[in-house]
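Note that the chains are named A, B, C and D in the order they appear, and that numbering of residues resets to 1 at the start of each chain.
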Amino acid sequence: MTSRLSVRDLSLHFGGIQVLDSVGLAVEPDTIVGLVGPNGAGKTSLFNCISGHYRPTSGSILVDGVPTLHRPPHRMAELGLSRTFQHPALQLDASVLDNVLIGAHTRLRGGALSWALRLPFTISGERRARQRAGELLDHLGLAGVADRPAGSLAHGLHKRVELARALLSEPRLLLLDEPAGGLPHAEVEQLIETIRAIRTEFGLTIVIVEHHMGLISALTDRVVVLVQGRKLLEGTALEAQRHPLVVEAYLGRTAA
Amino acid sequence: MSELAGPERSSRTGAADGRGSGNILELEDVRASYGRAEVLHGVSLQVSNGGVTAVLGANGAGKTTTLRAISGMVTAKGRIDLDGQDVLGSRPDQVARMGVAHVPQGRGTLDQLSVRENLLVGAYQRRDRKAVEAQIAECFELFPALARRQTSTAGNLSGGEQQMLAVCRALMSRPRLLLLDEPSLGLAPRTAEEVFEAIGRLQKETGLSMLVVEQTAALALALADTAVVLEIGRTVLTGPAEEMAGRDEVRRAYLGD
Amino acid sequence: MTTTGTPSPGATRVGPARRPASAPLRVLTVVALVAGVIAIALIPLSATPYTNYQLSVVAAFAVAILGLNIVSGYAGQISLGQSAFMGLGAYAAAFGVTHGWPVVASFLLAALLPAVVGLVVAIPAVRLRGNALATVTIILPILAVPLAKRFSDITGGSEGLNVDWMHAPAGVGLDDDQWRYYVVVAIAAVLFLLGRNIVVGRIGRAFAVVRTNEAVASAMGISAHRYKVLAFTIASFYGGAAGFLYVAVVQFASPDLPNFLVAINMLAALVIGGFASLWGSVVAGFFYVYVPVFAGAVDPSRTNIFYGAALLLVLFIVPGGVSGGVSRLVRLLVGRLFGRRPPARDDDALTDPQPITSTQQDTAVPDASPDGLRSSVGPRKEVP
Amino acid sequence: MQHAIQQIVDGLAAGSIYGALALALVLVYRATGMINFAQGLMAVASTYIALTLWQAGSPIGAAVAVAIAVSLVLGAVTERLVIRRFEGASPHTAVVVTVALLILINGIVGAIWGYNSQPFPSLFPTGTVTVGGVVLAIPSLATIGVLIAVVVLLQLLFLKTKLGLALRAVANNPESSALSGLNVGRLLMVGWALAAGLGALAGALIAPKVYLDPGMMDTILIYALAAAVLGGLDSPMGAVVAAWIIGVSENLAGTYIGFIGNDLKIGVPLVAMFVILLTRPQGLFGRKEAVRV
């Protein structure tokens, strides 16, 4: 069986700075992999390489066995890849529903002319997308705010709107960049339940960048620890937390 | 070395034992927001005269925002006193002229300017050209790497060199208080330790008060006398630095429960 | 044309916030629409020929400004060249008419030729970020005028081209001005309906996300480049169609139309009317035509002072433009009348000089940006 | 050959005028990230001020000098009263704001001085000099000389003075400069003032050639924009070099390519701009812009 995502020997330089150094990673279908490491370890950069937003200096990335290195980012969605962003990037004055519907873009067909003329298939497509979006919003506890402008929502809900948007594109592989960032503890518990539920329901493979160790421990099958752009360790969340090198990377040598 | 922080330093802070003779900086229940989203919900901390306070906390805890609030880069409420003087609502350049030097995350290097010009910008408010030149020379003596590259643009320096340049540039204004935001960010561990050693030496010799945000807790705690732990925009723990290393709150902030 | 489900305009500050209409508001909208359609149908029967002429010109400019709105308001790419496309459309229409083409063929030429030119211009131009696109488009009207003069065989040079067409068919019992009004307004209405369909569905949502955040757009499978080109092409199409309407009313195509100040004033009228709002384009059409009329009553040179001042005023105090301001007012009144509270959060964010989606969110949690310093020197993946 | 050299010198002279305005655009862009579409009309306003002074009996040199001084003040005032409010606004808003200024100034100038063309005296004596058998117009040579002097002065200002250092620091990183105690707002005012002064100079140089009316700078602005974009928008030297290239190439093309002629030569910078944008979006001399995700 090919890995859902396979990253081999990936390096990324920005100017003279080495951001990623020969990072390798294999994510099997239906697993959740956590990506952890201190600030500046290169986690988000790795995400940006996988989603096509950065072009790595060397190495290769395969999604379901398909090499993706020369694909522009907007052609990653057709491989079943979707992602969220570290800082939720919503259109704050558009409604929550409209924000989520952007995720349906690749699932809808037809160009400007078909849509201008409201050809029947565009109408039925839009209806289906709205229905699907409604279900997702329901699922994520956002049904009550679907018509509110996204900017009027609390920060924690933004993350969920982004999640709904990503899910509407019906991905097989989902990259979540700090889904718990800035959330109070109680909401993190909820988030863990939500991610568990969607994972089963949609048959998702998920890669999570997260600092919240509780979330990482609760959700991931394996974690990869990045430090200074290199893979330090791969194992279970517990192993990683206890590993002296990881403790040192976070707290410094004296603490270890 | 003493020249680096300027002659006023010694008179203001006495000697290294001037610690505890009052606070140069006090934050009380500071709240700050970006647009609609409040990100600090009540941060309180102190920096004693000649002392070093470390701010610890996980990503997103509000460490950087706390420094930005002090420098007037975000709108804040609550109380921020510098030497008993209210700085809340001042512009960043005004706060800087009151004697606060802020080395931002990412170092804030003027990457298109030369190393020397970066230092001159740091000394922009000063009129004593001779002393400025002397301090530049001293800085180059301290960091020969910078001296070798004084005419090349700062953007071409390595990460560690840029960090030292940023600290030197901050000192050029002869600050009363130095704010350091993640000095080790993006540096190899060895380089980060060297940077902290240099900062530590400087602190010991000049008694300059510092507020340091740092993700590597051990580095920060070795430098600081006081530590503050932030969680989601709130101060949750304050205490002497040496007692902090083993505290659960610190461990939790970085490694989870 | 209810506003429900419209992709919302401007996280950039020159755009009104759109909220889903409340039930009373929806009723009010329908009532207003029906009344409006009746009024539009009845006006020319009693108005003077000159009023009909002016209103027809309003319709033509409203269409051109709607095109500008699609590229600048909805897709966020400021164009300072819309008048060039309107001028090209006018010349194409006049060419068709003087060569005895059927009206439909003239219309297609007038709309499609500018669309093709727009496409060709857009493909390289939209690669420019930020306000650099404006610098390219501003050249179009400046080049259009000498070009029109150079090809005087076709364009009639500085004199322009007079046409004599679009007369009321015998037997309908309408004067020429009334007939032209109905034709122009009907075509404009169809174009507005099509435009509305574009900006509310899949395409409009893509425009909006390209405008606010290209990284998100690409993550959702949307090519920013392709949609910017599309928006620009549609805008050129609308510009050309408006040129056709203009010639139908004015019976004249000249180098005065594809002019630099015309393009600039269209943008001004659009911002004053309201970015990313269909009604804004209509308001802008009226504004464009009637401000010079009223200003001219005082002193013709005051038009630009009025325009400039009005534009600055809008930028300073009502970033949503007239339509945004009015719709806010209506919502407020409806809310009062029907006992509903106005939305808790008003548009304070729109008066914030920070562009909300980019700047604020980039800095929202600076603690959590490990790659901040790197990405500022990061490579950019080229989008083909 | 002699004719060609004359054409090249005339092209350089025209390019020098575009270059002066292009420098103004670059100064504003570097300081505030805005392309000031009103730069041309601000220059027109200054030129009218010079014209009024000259008509009142002042010598033309003094009239232009006073107009430049007034422009410095007006530029600073514009920054303080209008532009400051939109610091950090989206590129959208930035464009619309300067477009608003453009329209407003056009209206004000029209209201005060009317829309009819008026002759404007040359700063330089008419006449020719013969260099190696080639007859060259003195105004052309003087115009080139003025721009070179301006470039040298600007370089001295930027590289040798404390103010220049501060201006460069703010252009490089305003936030970090503020943390060093630089008053960013005041420095941006200085940037706008300098740009307005340069524009005033460009206006006084072009007006004798084309007559003065409110639309005088419209095409010059296009040339200047093309030069600024070709030069990379943040590179003063790039803008000047690009302006010269444009001036010379359009003059040669207008003279020697029959189809282009005098009326279509403005197409030359447009075509050049398109070619450059297709191949090097950051301009000939600009730095590649990084994009963050």
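Going forward, a residue touches a chain if its C-beta (ideal position, glycine included) is under 8 Å from a C-beta of that chain, and two chains touch if they have at least 3 such contacts.
All values derive from a computational prediction rather than experimental measurement.
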Of all other chains, the one whose Cα centre sits farthest from subunit C:
B
Higher-contact pair (C-beta pairs counted), B-D versus C-D:
C-D
Centre-to-centre distance between subunit D and subunit B (centres being mean Cα positions), rounded to whole Å:
42
Provide the C-alpha centroid distance between subunit C and subunit D, rounded to the nearest whole angstrom.
31
Approximate Å spacing (C-alpha centroids) for the pair subunit A, subunit C
37
What is the distance in Å between the mean C-alpha positions of subunit A and subunit D?
48
Among the residues of subunit C, which ones contact at least 2 other chains?
215, 345, 349, 354, 356, 362, 364-365, 368-370, 372-379
Note: subunit B residues in touch with at least two other chains are 36-37, 39, 59-60, 155, 185-186
Which subunit D residues sit where two or more other chains touch them?
293
For subunit D, which residues count as touching subunit B in their complex?
162, 165-166, 168-169, 172-173, 175-184
For the subunit A and subunit C complex, residues of the former touching the latter:
14-15, 17, 19, 38-45, 48, 51-55, 72-78, 82-83, 85-95, 97-98, 101-106, 108, 110-112, 115-118, 122, 125-126, 147, 149, 151-152, 165-166, 169, 178, 181-182, 211
Subunit A-facing residues of subunit B, complex:
36-37, 39, 58-60, 155-156, 158-159, 182, 185-186, 188-189, 215-219, 221-222, 232, 245, 250-251, 254-257
Residue set of subunit A touching subunit B in the complex reads 15-17, 38-40, 151, 155, 178, 181-182, 184, 211-214, 216-217, 228, 241, 246-247, 250-255
Given the complex, residues on subunit B that touch subunit D span 71, 73, 91-93, 96-97, 101-102, 104, 108-113, 117, 120-122, 124-125, 169, 173
